[in-house]
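Think of it as A, B and C in the order they're written, each chain with its own count starting at 1.
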Amino acid sequence: MTAALLETRALCKRFGGLVATDAVSLEVVRGECHALIGPNGAGKTTLIGQLSGSLRPDSGSVLFAGRNVTQLKAHQRAMLGFARSYQITSILNDFTVAENVGMALQAVSGSSFRFWRPVANETGLRDEATAILRQVGLEPLAERQARGLSHGEHRQLEIALALATKPQLMLLDEPMAGMGPEESENMVQLIAGLKGRYTVLLVEHDMDAVFRLADRISVLVAGRVITTGLPEEIRTNAAVKSAYLGEETTN
Amino acid sequence: MTWILFLEQCLNGLQFGLMLFLLVAGLTLIFGIMDLINLAHGSLYMVGAYLVATFTQATGSFLLAVPLGIAATAVVGMVIEAVVLRGLYKRDHLSQVLATFALILIANESTRAIWGLQALTLNVPLALSGSVELLPGLHYSAFRLAIIAVGLAVAAMLYILVVRTRIGMLVRAGASNRQMAMAMGTNIKWLFTAVFGVGAALCALAGAMLSPLLVVQVGMGESILILAFVTVVIGGIGSMRGAFIGALLVGIVDTFGRAFIPPLLRTVLPPAFADAAGPSLAAISIYLLMVIVLFWKPQGLFPAGS
Amino acid sequence: MIWLTRHGWLVAACLFALAFPMLATAVGQDFYISVASRVLIWGLLATSLNLLVGTGGMVSMGHAAFFGFGAYVVGIIALDAPQWSAAPVVLPLAIAATGILAFVVGAICLRTRGVYFIMITLAFAQMLFYIFVSLKGYGGDDGLPLAKRSPLGTLKMADDTVFYYVVLTLLALCLVFLARLRDSRFGRVLRGIKDNEIRMESLGYATLRFKLTAFVIAGAMAGLAGALMANQNGFVSPNMLYWDLSGTALVMVILGGLGSLWGGLAGAVVFMVLEEVLTGFTSHWQIILGLILLGVVFFAPKGIAGLFARKSR
């Protein structure tokens, strides 16, 4: 009996004439690292959006720990234990790296409707932020303006933000996008370190990383999940190979 | 309330709505394609009215003054677009609000400087100063009928232009997805200027047609601008269909509200209340309409791209 | 000592503000004391708008609604319920009533974003304008005179100097509150929402609640400004609800510095000084003002605060 933390049932989404999500039913088991792969334009980010709550599906449902969360908004899902990192970096540019993480921590530690005490005095938040930054390797850059980071550092910050809200489920949308070989390796180590403690749904193009990290892999083509299975099964699957003809990227 | 009165108000509402549509058509396209909030749109309407009034006095012919006034206003509009607005397309909305507010200040004060503080009066052209008997007992101003005719004709032309021509397709594409329009490789700059010029011309036409009926004075642009904004919100940004239906809706609701709410209230409420509440309700009827529409459809009735 | 040099301007300005009535009397220009009160009140209005626009990123073109409403509360109470006219009663009442209005308006308007939001706030303010103009019982078009200033204990509120210090005190209190707010948890969330609302939502923040709270605070503060202006002028005009007042307040914000604590007040001062100077040149001073505003938008979008920021580098 699998303990599915995240489940979707016949999720559908169209944009005008385009079917972006076609009756997607998938399951992410608690504690696993489940990779979602597929050619460009398969609808991966759209699916992530429907899981995180930023997009409303046209039909179907999303269940979290058995509970139907389809009607819940993004911030409500975050409070239940969802965290998301973005494919196109989406951070708080006018704040420092430490403040970015602090903002995420603040969301899950007490009310933010406090109007008098300076938040900079909250050493608890600051220490926690430092710990998270250390975990993702950004501690030396804590006081840097987020806007001024390199691309790879931005991607690291994305993960830090996702970690800071102490989620149960992490939806990582192409964390390695645009990274060089050394940075990608660091990111793989980082995500590998999360396995077991967090449930991860990982969207990625980097096949090396996917096969190293994933416990199971689902393949999304033209909005439909064509197959789900163990890495070895997917590696040798003919349908997957043909879908990926010309699309495979190896680092 | 008689049928005659009802039909008369319908025609008034239609007339007002069509003129409002002329203003809103340009405004909503500029919102939709350029994502530009332009507070000075009403100023073009005012400039159009002033120019037509002046040209009529100079040439003695309303018929001649109207195309002259429209052309001149279109030129003014395109100059403003090239000099000021072009620098705003990439800016945030606050900057746009402030810059176009500055344009209002400049336009209003310049108008006062050129034409003085007295309002201009323009008479309805002699040929149209009579009334037409549409139905037995229903006499309607010939000029207002002409306004309706012109409004419908322009609406039809715009429909053909936007829906049936290649330029129109570019405009509609731009209104629903600017990035896509840019990617299609159209020369965006000239498209923007042209759209703005057309918008200015439409404002001027509305100003021209309404000037014999209303008072031509500084500030006329702002009062109609708010109505135009409300119409855009109701109809949906970037949508010609929304602009048309929204404008007719606003025109009719406003006209009916002013004509029928006060007497209606007097039949159900004691006169003291009715006389106090009547005019207020009448004045804000379109704002109430806007709130109702927003609750039901926050993007307006027919937003572009739907 | 370092504190003093870094904040030298601030200290000088505070001393000047405190000493102003004495200075004005000394040079025989008592008249300017009431002008100064008016500048401070405008500064309060602009500061409240700055919270909304500068800190929260919500461009509202309807802030005049709250300014005028606060004024009308004072006027109407003076007329219909004069027993509540004392300042310690009527001012909190104006603040509370305007806050409630801001809650209702904000709850509707904040469902929209961007261009829609700007237009809807504008439309709501106009709606309020038309309502008040049509209230013949409260002056309608002509406005509502205020017989006397709201009494405050034994203070002689009719004395311009006394009133000036009352206004100054209230303004100072509001600024202290806003300074703390900015650095508080709430303030940080608000700034975060301005920066990237979608990301804040995915972090778990119910952004609408925060924006609405800011909207209410800003509205209530504007209501206080309106109540004070009614007292200052002895008159409540429906023009206080008219949208060009919203525009003027926005101009002050940009002149003074968007998002900075002092931006509203600085902008009000600059605007009033500009108006004084320009009216001296020509009756068509609004053209020059418009050109200056265009210049600021295109070349100095950070306003006065931007100039100071550059200097401190």
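As a convention for this text, a residue touches a chain if its C-beta (ideal position, glycine included) is under 8 Å from a C-beta of that chain, and two chains touch if they have at least 3 such contacts.
Here the structure is a predicted model, which means the values were calculated and not measured.
S.K.: From the centre of chain B, which chain's CA centre is farthest?
M.R.: Most remote chain from chain B, centroid-wise, comes out as A.
S.K.: Taking the mean of each chain's Cα atoms, which chain ends up nearest the overall Cα mean?
M.R.: Nearest to the common C-alpha centre lies chain C.
S.K.: Indicate the whole-number Å distance between the mean C-alpha point of chain A and the mean C-alpha point of chain B.
M.R.: One centre to the other, that is 48 Å.
S.K.: What's the distance between the Cα centroids of chain A and chain C, rounded to whole Å?
M.R.: 43
S.K.: Cα centroid separation between chain B and chain C, in whole Å?
M.R.: 32
S.K.: Spell out the residues on chain A that touch chain C in their complex, using ranges where they run on.
M.R.: Per the touch definition, chain A meets chain C at residues 52-54, 73-76, 78-79, 83-84, 86, 90-95, 99, 102-104, 106-108, 111-120, 161, 165.
S.K.: Residues of chain C touching chain B in their complex?
M.R.: 53, 59, 61, 108, 111-112, 114-116, 118-120, 122-124, 126-127, 130-131, 133-137, 243-244, 247, 250-251, 254, 258, 284-287, 289-291, 293-294, 296-298, 301
S.K.: If you look only at chain C, which of its residues touch chain A in the complex?
M.R.: Residue positions touching the partner: 177, 180-181, 183-189, 191-192, 195-196, 198-207, 210, 213.
S.K.: What residues on chain B touch chain C, complex-wise?
M.R.: So the residues of chain B in touch with chain C come to 31, 35, 37, 39, 84, 87, 91, 93-95, 97-99, 101-106, 108-110, 112-113, 222, 226, 229-230, 232-233, 237, 276, 279-280, 283-284, 287, 290-291, 294-295, 298-299.
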